[in-house]
Each structure stands twice: as structure tokens, then as C-alpha cells.
């Protein structure tokens, strides 16, 4: 149960309404989801977070929209954030996620968490060739 | 500094050598990286982990190889596993990662970690429409 | 739903009752919250945890009580512990937290989680001047 | 060892230079620390991150600058981000942190991590009174 | 509420049924718990995860079954995974866990999380003697 | 590199020396490891932490000393705390850890981190029978 009251469009100040309009126009949606309705209790965080998210998740980047949502879900599962997992899986579906893709995504997230701990448990050193390859990007 | 001695190919038992051969053949590489050389201290974990990774990261899945590596990196950064971050960034580069893609990847990982905490901090409820959309996959 | 039965004051052993009395006296409260009622299933952990918490959160330290609760909430959100987030936000409110402060707190927690991952993703080295400044404290 | 080359002021593009100037003016410092020099490889993330951080950490908020840095350090330790821990301890020192305050900060961070896990381990339910108190903020 | 439909034995494909039979035979249980019924939406992950778990948690290892479950619970609490905490506490109970043992387990998990953060907060260096002792295993 | 100066026995105050003596007597060791030498900068945290650890890790509990150290290592790897992983592996070795046990420990820690994320990713509901079994402990 949320720790703040949700602020829907009818109750929103003009400042909040402007963000809501932009969210709806950008995403082609009719209703504002709970995340933004919660953030609306803090208009400056609402504005800043939406501006950042809009820029980062823009469809014209080097990564396509579905890939971006998969990355978002991977982080959310690893952090154990249920809201974020569900909402970004829903966004991924809108961007083309199939059940097969979701299954692979979850399998990779599970596996990565396993090998992360094996690498930490044995305290494996970074291979110099890997470091160089990344530095040369 | 690793907590076990690395087992290179010259020192490896036949059981370990068989895994090393398969890693090299599957990935088209010449040298075995430190992660597997550490796991070789426990041949059954080496066999099991490689078999799982080979299956999950296979190139013929619903997700392409680069996307799979991006997901792997996203988890690794979120867990703060340096070895895993560098080694999977290197793998991602081999699969086509550009500097622009890496920058977007890191921006999304950062942003997802931010909004994960905002959602947790306000304890935002899952929108029923999102839950339904995911369940219908 | 808790994994142990809550032990309220009527059911408590003398050993547990003594801790409950001290909690109520120290905090000026009338009822014992669920956390302590759960820990009461393990009286030595109850005693030890309360003694540590009482010492650390004492009002006469170098940090004032509200600041201490803000730190507690920041950790709890980052760990995704809902109980701890709500209970320490409630304690912070008692110590003077306003809605504006809560909003800033959550914005900082979100931002810190974002830049933490950016620093880990790029594996930024510690600036020697920062290390020296901390060492000189 | 960082995964990107640091971009110092001499090498910076005009776009990056403008951010560097604002960082130096806002913070009253002479040199740009490694975090920003790493982010400069991705100018849009540099701009966005600095703009957000500048807004969130502004000295005229409901929380004072030292408290803000303490919250930042608490998150960074909990995430195990060494760079962030050291750099924000250094910032906290500049804002007035004493050794006594640092010791209390670390004691609280440790204790919060302990009780977070106890609450999760026993799966303690949120006390309705706490939830109400937070909702009434 | 799960994000996939549970697949019980009546609905299961032959491939899934074979795994269910092996789970029931290996564990001496009559019903398949929700975790496997969820994974059954992805038969290859179901097969792979069960095969790994069966191998790792086998009763004839160097660690006894109860100790293995305690380790599993410690990780699950630290990750804040409620499902995993409850299900592996239940498994631990079947393997001989008493209330006293559970209390000690939770106390250690709490304490380890506390000292982990103190070590990170002070950035304590590894004692060479500890490193050597581990390397000599 | 640590953020405080290590305080060895020669430099220690009487208050710190008393803790050091108790650590050496309790553990049968000759030298104080870096963790305590760092905490000694904050004598009250040193005293409190040692008192708690001594009580929790006492050899006469329901769990034996080796099992306790295994739990400690499992948490430390999951948190990515290198100091804690190495120091408690060293302590586990002193309590009887073999290389086979370490390998199994790490395999379980890896696997638990994998299935934790699968359970979170699919948001699996707790089986009522599991909850009841734990509640009946």
C-alpha cells in the first residue's frame, strides 16, 4: 500500500498536469500509472524523473525500445523491485516482447546472478584482454 | 587476488580439458579466461555452469547474442561484480557493442536503479492493467 | 505474513517484558511494534538488538535523531525492506520529518542509486584527493 | 582501472567544457573529479546527471547539505560502491563531517542492514499505526 | 500474484511431467510447489534448474542437507526474496531445523549484514594471513 | 585502501586494549586483524560489535562453529563484501572447512542467487503449506 496518496489528473496542479500531458502524448496512453501519480507529490522529482526517462528511453537511440525495456527489467528483478519488474515487463510487451523472449530474459537474469556470485566467491581477477577490449570501445 | 589457483590447460585433468575444448570450440577463442580456470578447481561446478551458460547464451534463441550480453552486463553492474561487468562488456563488444550502445546501456542501468528505489521508497502499488498485460503474454 | 507468532506483553516472559518496558520508557510509547514482538521469539537476539539500537540511536550523539532516522530509511529503501522503510519513516516523522524532507530524502536515495551504478559501470577510480580528505578526518 | 579514458579539461569538447565550468563554479573547486571525467565519454549522460545532482543536492532544500551527503554515503556503503563511499565522505567532510559523525553514520548503516535482514527473515508485517503515520505526512 | 499461470500436473506436457515425477521421487513429496509450476512455462529452464538443484543439493555431498538449506536461506534473506526464504526454511525444517537453530541462523544473517557494511564503510584491507589461509585450502 | 588508520595494540587506548585482549583470548589468536583495528577508531562500535559477534558466534549454540561461518560467508558473497568473504572463509577453514566443502558452499550460493531471481522474476506466490511448516517451528 503506497505511502502517499495518488494524485490523478483531476486533482493535479497545472505543473503536474503538464507532465502528465507529456507522458500521455509521448507514450500514446490514456491513463497515468501509479508511479507518476505517487511522484506527483513531489513535482520537481516528477519533472526531473520524467525528463530523464524520456531522454534515456527515447526510441531513436543506439538501442531499440524493446532492448531498453529488457535491460530495465533485468535491473528491476535483480533489485527485487516488484513494481518495476511488472511495469517494465508490460512496457516490454508493448514493444514486442514474446513469452519466449521473457523466458530467455529471466533465464539470463538468473544465470547472471549465479555467475556473479561465483566470480565474487572465488574473487576472480579480470583478464587483461577483457579489460583492453572494453577500453578500446 | 583470486582465492584459488588458476588451472590452465596444461595442468587440467581430462575432465576439465573436455570442458575447456568445448568452451574454445563454441566461442571460437584460443585461451580460457580466468573465470573457468577458477571454476576448474571444482570440476562438477565447471561442467554444470558451462552447460547452463552454453544453453542460455546460445545464438539461436528468441533474443540475439548482443541483447543477451547487455542483459548480463545490466545484472553485473547492479550487483557490483567487477569481473562480470568487464568480461560481459568484452563479450558484448565481440557481439557488436558500440560505444554509443554502451553509453545507453549504462544510462538505462543507472536510471533503472534510481526509479527502482523511488518505487520502493513510495511503495507504489502495481497497476492492475500492467499485471494483466504481463499475465496475457 | 510473519513467520513467527507475535508475542505481546500479556504473553511475554519476564525476560522479554523487561526489554519491552525499556523500549516503552526510552521511546515514550504505549505499544510494542511487531518487529520486537517477532524478535521476542529469540530473547537473546531481542536483548542484544535492542541494546545496540538504543545505544546507536541515542539522542545525545554527534548526529541528531532526525538525521539518524533519515540514514536508516535510506538504507532500508536501498535494501528493499518495506517494514524498515515504513517504520523508520514513521520514526522520522516523530522526530520532525516534513513531507518536503521526505521528498528530498527519496530523491537523494534514488539519485545515489543511479550514480552508484554509473560509477560501477565505468569502474571509476577513487580520486587520490578524496581518499586523502577522508583519511584526514 | 576505469573502463573509459578520462577526459580532462584540455581534451574536452565545448559541450563537456560547459558542464565542467558549471561544476567548478557551483562547488567552488579547481579540478574535475574522475566521475565526471568518465561520464564525459557520454556528454548527454554527463549533462543530465550533473543537472539532476545539482538540483537535488542544492544547499537551499529542506535538508541541509551535510545531511544530504550522509544519506548519499549510507546508500553507497549499502550498495558496496567504493568510489561513491569515498567521494561522498569527502564531500561530507567539506560540509562539516567530523570523525564522530562518521563513526555514528557507519554504526547506523551497519545496524540498519542488520535489522533490515531480521525484519525480512521473520517477515514482520507493517504495523498499521506506522503506515498511517507515514500516510499522514 | 504470479506473472504466469501455474501449470499443475494435470495440465503438464510430457516433458514437464517427467521433471515433476523426478522432483516428487527425489524429494519424497506428493505435490509440486509453485516455483516449479511457474518455471514449467519454460520447460528448458525447468529441466536445467531442477537438474542443477538436484545435483547441488544432493544428500551425499561434503555438506549435510540441513547445512545446505541454511546457506540457501541466508542468501534468500540477504536478497530479500520472500518466496525463497519461506520455501527453504520449510525445507530446512524437514531436514531437522529447530526453532533454536532458526533463531541463530537469523541472528548470524543479521550480524553478517551489519559487519559487511562496516567493512565496506571503512574499506578494510584483507589481512594477508587470511588470504593465504584461504589459498592454502 | 582503508579510510581510517589501523590502530595496533601498541597504539591502543586501555579501552581498546581490553577488547583486543578478549578477542585474542576468545579466538586463541596472537594478532588482531584489520577489521578490529579499523573499528578501534570508534571504541563504542568496537565494543558493541565484538560483544555481539562473540555472543552470536559462540561455540555452544544450536549450530556448530563451522556451520555458522558458512552462513557468514554466504551472506558476504551475496553482498559482494570481499573482506568479509576472505576473512570468514579463513575462519571457516580453522573450523574445519575442506576444499570440497568450499566448492559446495559456493555452488549453493550461486544457485540460490539464481533461483532467488527466477522466483522474483516470475513473482511466485508462497505455497501455503510452506508458510504453515515454518510457522509451526
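Miscellaneous remarks
Labels A, B, C, D, E and F are assigned to the chains in the order they are written; within every chain, residues are numbered from 1.
Keep in mind that, in the parts below, contacts are C-beta pairs under 8 Å (C-beta built on N, C-alpha and C of every residue); 3 or more make two chains touch, one makes a residue touch a chain.
Quick caveat, the model's predicted, so the values are computed rather than measured.
In terms of C-beta pairs in contact, the better-connected of the chain pairs C-D and D-F is C-D. At the chain C-chain F interface, residue numbers used by both copies make up over half of all numbers present, so the two copies contact each other through mostly the same positions. Of all chains, B has its CA centroid at the greatest distance from the CA centroid of chain C.
Most remote chain with respect to chain E, judged by CA-atom centres, is D. Averaged C-alpha coordinates give centres for chain B and chain E that are 21 Å from one another.
Centre-to-centre, using mean CA coordinates, chain A is 28 Å away from chain E.
Of all residues in chain D, those touching 2 or more other chains are 1, 3-4, 41, 44-45, 48-49, 52, 56, 78-82, 85-86, 89, 99, 103, 105-107, 109-111, 113-116, 118, 120-123, 131, 134, 137, listed in ascending order. Taken together, the touching pairs cover every possible pairing of the chains. Those residues of chain F that touch chain E in the complex are listed here as 1-4, 31, 33-35, 38-39, 41, 45, 49, 52-53, 56-57, 61-63, 67-68, 70-72, 74-76, 78-79, 81-84, 86-90, 93-94, 97-105, 107-109, 111-127, 129-131, 133-134, 136-137.
Listed in rising order, the residues of chain B touching chain F in the complex are 3, 41-42, 44-45, 48-49, 79-81.
On the side of chain B, the complex with chain D involves touching residues 80, 85-86, 89, 99, 103, 106-107, 110. The touching residues of chain F, counted against chain A in their complex, run 73, 77-78, 80, 82, 85-86, 105-107, 109-111, 113-118, 120-123. Touching chain C in their complex are the following residues of chain F: 1, 3-5, 44, 48, 52, 55-56, 131, 134-135, 137.
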